[in-house]
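In what follows, a structure is listed as structure tokens, so that the remarks can point back to it.
Going in written order, the chains are labelled A, B and C, and every chain counts its residues from 1.
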Amino acid sequence: MHLVLFFIFGGFCVAGALNLLLQRHPINSALSLIVVMTSLAVLYLLLGAEFLAAVQVIVYSGAIMVLFTFVIMLLNAQREERTHGSRAAYILGFPGAAALFALLTFIFISNGKSLGFAVLGPDMVSTSQLSSVLFRDLLLPFEVTSVLILIAILGAVALARHHEPHKDESKTQGKER
Amino acid sequence: MSAVSYSQLVWVTLPEIALVVAALAVLACDGTVLRGAAIARRRGVAALLACVGSVAAMLLVGSGPASFHLPDGMLVMDGRTRVVQVALLVLTILTVLLSEAMLTPAAEGVAGGKTAFTHHIGEYFALLLFATVAVLFLVSTQNFLLIFLALEFLSLVLYILTGFDKQSQLSTEAALKYFLFGGISAAFLLFGISLIYGLSGSIDLSQIAVAALQPDPLWMIAIVMVVVGFGFKVAAAPFHLWAPDAYQGAPTISAGFVSSSSKVASFFIFAQVLTLGVFGAAGSGMWHGAAPGWVPVLCVVAALSLLLGNLAALVQTSLRRLLAYSAIGHAGYLLLAIIAHTPQSTSALLYYVFTYALTVLGAFGVLAALEAQGIDRIADVAGLSRRAPFLSACMLVFLLSLAGIPPLAGFFGKFWLFGTALNAAPQLGLFWLVMLAILMSVVALVYYLRVLKQIFVADVPANAGAIHSGLVTRVTLGVMAAATVVLGCDPGLLIRWVVR
Amino acid sequence: MNFWWFLLLSIIKIAVVLVILLTAVAYTVLLERKVVGRIQNRWGPSRVGPFGLLQPLADGLKLFLKEDLLPTAVYKPLYILAPVIALACALTSIAVVPFGADIKFKGVDLFQIANVNIGLLVILAVTSVGVYGIALSGWSSNNKYSLLGALRSSAQLVSYELALGLSLVGVVLRAGSLNLRTIVDVQATHGALSWNIFGGFQIVAFFVYLTAAYAETNRTPFDLPEAESELTAGYHTEYSSMKFAMFFMSEYANMITVSCVATLLFLGGWSSPFGHLFPSFGPVIDAILPVFWFVAKVFFFLFVYIWVRGTLPRFRYDQLMGFGWKVLLPVAIANIVVTSLWLGFTRPL
């Protein structure tokens, strides 16, 4: 049962990610990303992290991606114009990426057993266990993350906000907008 | 995993807390009391608060516990970490002081002159302080989780600082490039870390060290990924592509911060990760018969950085791009010290990176003081010694130190670094790399001297008047230049601190 | 627990709940028309069947038989997908709602489809995905009114979702669990006195929740996404026949879900307001009575919904946003802080 679900949603996840890259319309790409996020939530659930799964759906599918689609809709973004890309990307990039992928796959398959493994099973990590790890053992990283998010907000505001019109600045105003 | 008491956690992170409080105070002050005040006033108050915060943090670092070790290596403090933290705080204060030049509106009627690059004074200084928080965490942790978080934290601040000049398209382009490269490299780093976690079952460097004994292919992949991630942070070739654009496009002082503070912290933690975490999987970088491990990987990166940085710098026409490529070259020298991984070489690394940060920040400070004149190309500085004698003298000291000319700090740094690299374990096979580094430092001399020739020998262009700079800038630059000379003449002053 | 029994009973439960829910949706519409009619001093539907009771059937039949128009300029895949998403999300969240006491038959919970540890989060998660139905319908219709309605709606939903989620934290803190059954059990000790709205001192959270929930379901006074005077019908302007009916049903199903959650979290769910005052009436009545209480409370909330609709005018858009971010959100956060301080001091950790 777990294995079947894993393959189904793992497949969704990969297919969604590929579709995200291949689609030419931004809204289709955004929707594929939602599929990826939601499938990931199911995979978390299979690993016993139910709280994480719910939060994944609420935060990523329900909030962040809504803002993505919101922006796409607001800008009325059209199909993207494909450029041909640089020739170097075609000659070196694709074979290089393919070779790297093949190498990684080969090594993972041949040496995979030295990696640790996670058990797929019905045991759920309770929310209280999770919070005691998060707020006791990993309190410092948690707090650092909160400052990090503060920075992100600060930076977004600083970079996106209009200048207040200023006297000695009338020359440059046009460019800022 | 075991719990840490909250009070202990607060106690050991007091310096960082002081900085965060200072940053919030700067923001609050700028947003409320000084709203609508003149830019000079806002700048003065913000800089003052930032300096107070940094000094307070420095005192707290100095008076705090001399050594501690939180569970899982979450925060680790020893003598050397303290020195690095103090150095980082000093660099922050210098950056704040040098920002003055950048935030002064240009005099009326200067051709090509730029106005102050931003009106978000409070945000700018707050971000500098937050960046310092990030680097302080970065150097004092031995836990991959916090390392990654602090790196991302730092990168985020640096992206913002790079793109802070909204009037300039170059700045935006630089920030975007920096961000995209940063995102990809963070993905690599995270992949590497997750592999290491899978292989060793731990994110604590000391626990990983126990497991990292056999260099099997998975370990190699993990290490290469980690090297890619850190290689980006320290701007080593071939992960350097963001650096020239970022150095050129970013507001000058932001570029100075990227090349000084962030570099010190990144190199220190890079050395920590490799020498503490995966020490066992060193391998050998001998020219014939290299053995797998992180040493040969780094040897390749270092050699590429040395060659590419120094050779590309020869043909640059923009001063900032030149400094960027020279930074890539210097990353090559510094990697040499990491590769050697003896206790002496780590001390040499610290000495080198401190003095390098000081001089390169100084060089950017001089450029910042010239910013109001719109000077960027090498040709623009022709005859600068007649227009701004003091700034030119400072530039002379900084560039000669970067080139490694004897009485200056840069010379001793290189000398010591090469010496310790040659003394490293012979099976590492570093001889060829040291020779390459020495050769390349001769090449480096050429482009530094080209700039100096323009400054001191070339004719003053017609209609160019004298350039004035603010008092704070001049005093700060003077102190930095003097420090460069003094540390070169008596390296013992600094060595005392960096040798464990 | 036998797997086949589990499967069979689950399917039956799902079918029964779906039927009841859809019927409830239909009759909520009738109730709304009747009550609003009375508020406006008129009769409301009264021709089809006794008291107009067959009106929902007639409406359903009408919508079902109407021509399904597909405007030329729409982006077809999303245009068709959008109402499906909206309705599916509206119907899914009811799965974790417990309707009555924990009574097991062959090891299967009779009055709840799925008892999960994070039931509350599941409801939040599913409703948060429901935004896409509205957003995509507006965008794919290729109509400016639809798009504006959808934009308003997504902005509104995202803004009020924060206040909504935060208002529930106080309740969760008190219960120490995200499981809906545990949350109800905590409130069942002393009848109405121990309900969260009274004994739990969550009355502030209750009003924050109710306000945010009205905004979440696009109901008056927050029904800007479908403000007729400005946007014709908002995001579903271009929809007709069953696709329109799906949006219509999802709106009322969401109302019912919101009422269920309000009942569970603040009014003690299925627990009796009299607590254990009365003796047991025998096993069958003991099983049915909680369901009665639950339905009565949900009915009360639905009535309030309609009452509000008949009473309050619509907000202006900037007022709506300002109210959400500057009033509701801080109040919800303050409620969390006060609740956790209170719990921290009164209860040993």
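One rule holds for everything that comes next: a residue touches a chain if its C-beta (ideal position, glycine included) is under 8 Å from a C-beta of that chain, and two chains touch if they have at least 3 such contacts.
It should be emphasised that the depicted structure is a prediction, and the values quoted were computed from it without experimental measurement.
Q: Quick one: which chains contact chain B and chain C both?
A: A
Q: Looking at CA centres, what chain is most distant from chain B?
A: C
Q: Nearest chain to the global Cα centroid?
A: Chain closest to the assembly's C-alpha mean: A.
Q: Where the CA atoms of chain B average out and where those of chain C average out, how many Å apart are those spots?
A: 55
Q: List the centre-to-centre spacing of chain A and chain C in whole Å, with centres computed as mean CA coordinates.
A: 30
Q: Please output the residue numbers of chain C that touch at least 2 other chains, ranges allowed.
A: Within chain C, no residue touches at least two other chains.
Q: Please name which positions on chain C make contact with chain A in the complex.
A: The touching residues are 78, 116-118, 121-122, 124-126, 128-129, 131-132, 135-136, 138-139, 147, 150-151, 154-155, 157-158, 161, 165, 176-178.
Q: Which stretch or stretches of chain B touch chain A in the complex?
A: On the chain B side, the touching residues are 1-4, 6, 9, 13, 20, 27, 70-72, 74-75, 105, 115, 119-120, 123-124, 126-127, 130, 133, 137, 145-146, 149-150, 152-153, 156-157, 159-160, 163-164, 166-167, 195, 197-199, 201, 216-218, 221.
Q: In their shared complex, at which residues does chain A touch chain B?
A: My answer: residues 104, 107-108, 110-111, 114-116, 133, 136-141, 144-145, 147-148, 150-152, 154-155, 157-159, 161, 163-164, 166, 168-169, 172, 175-176.
Q: State the interface residues of chain A toward chain C in the complex, per the touch definition above.
A: Counting only chain A, the residues touching chain C are 27, 31, 34, 38, 50-51, 54-55, 57-58, 61-63, 66-67, 69-70, 73-74, 124, 126-128.
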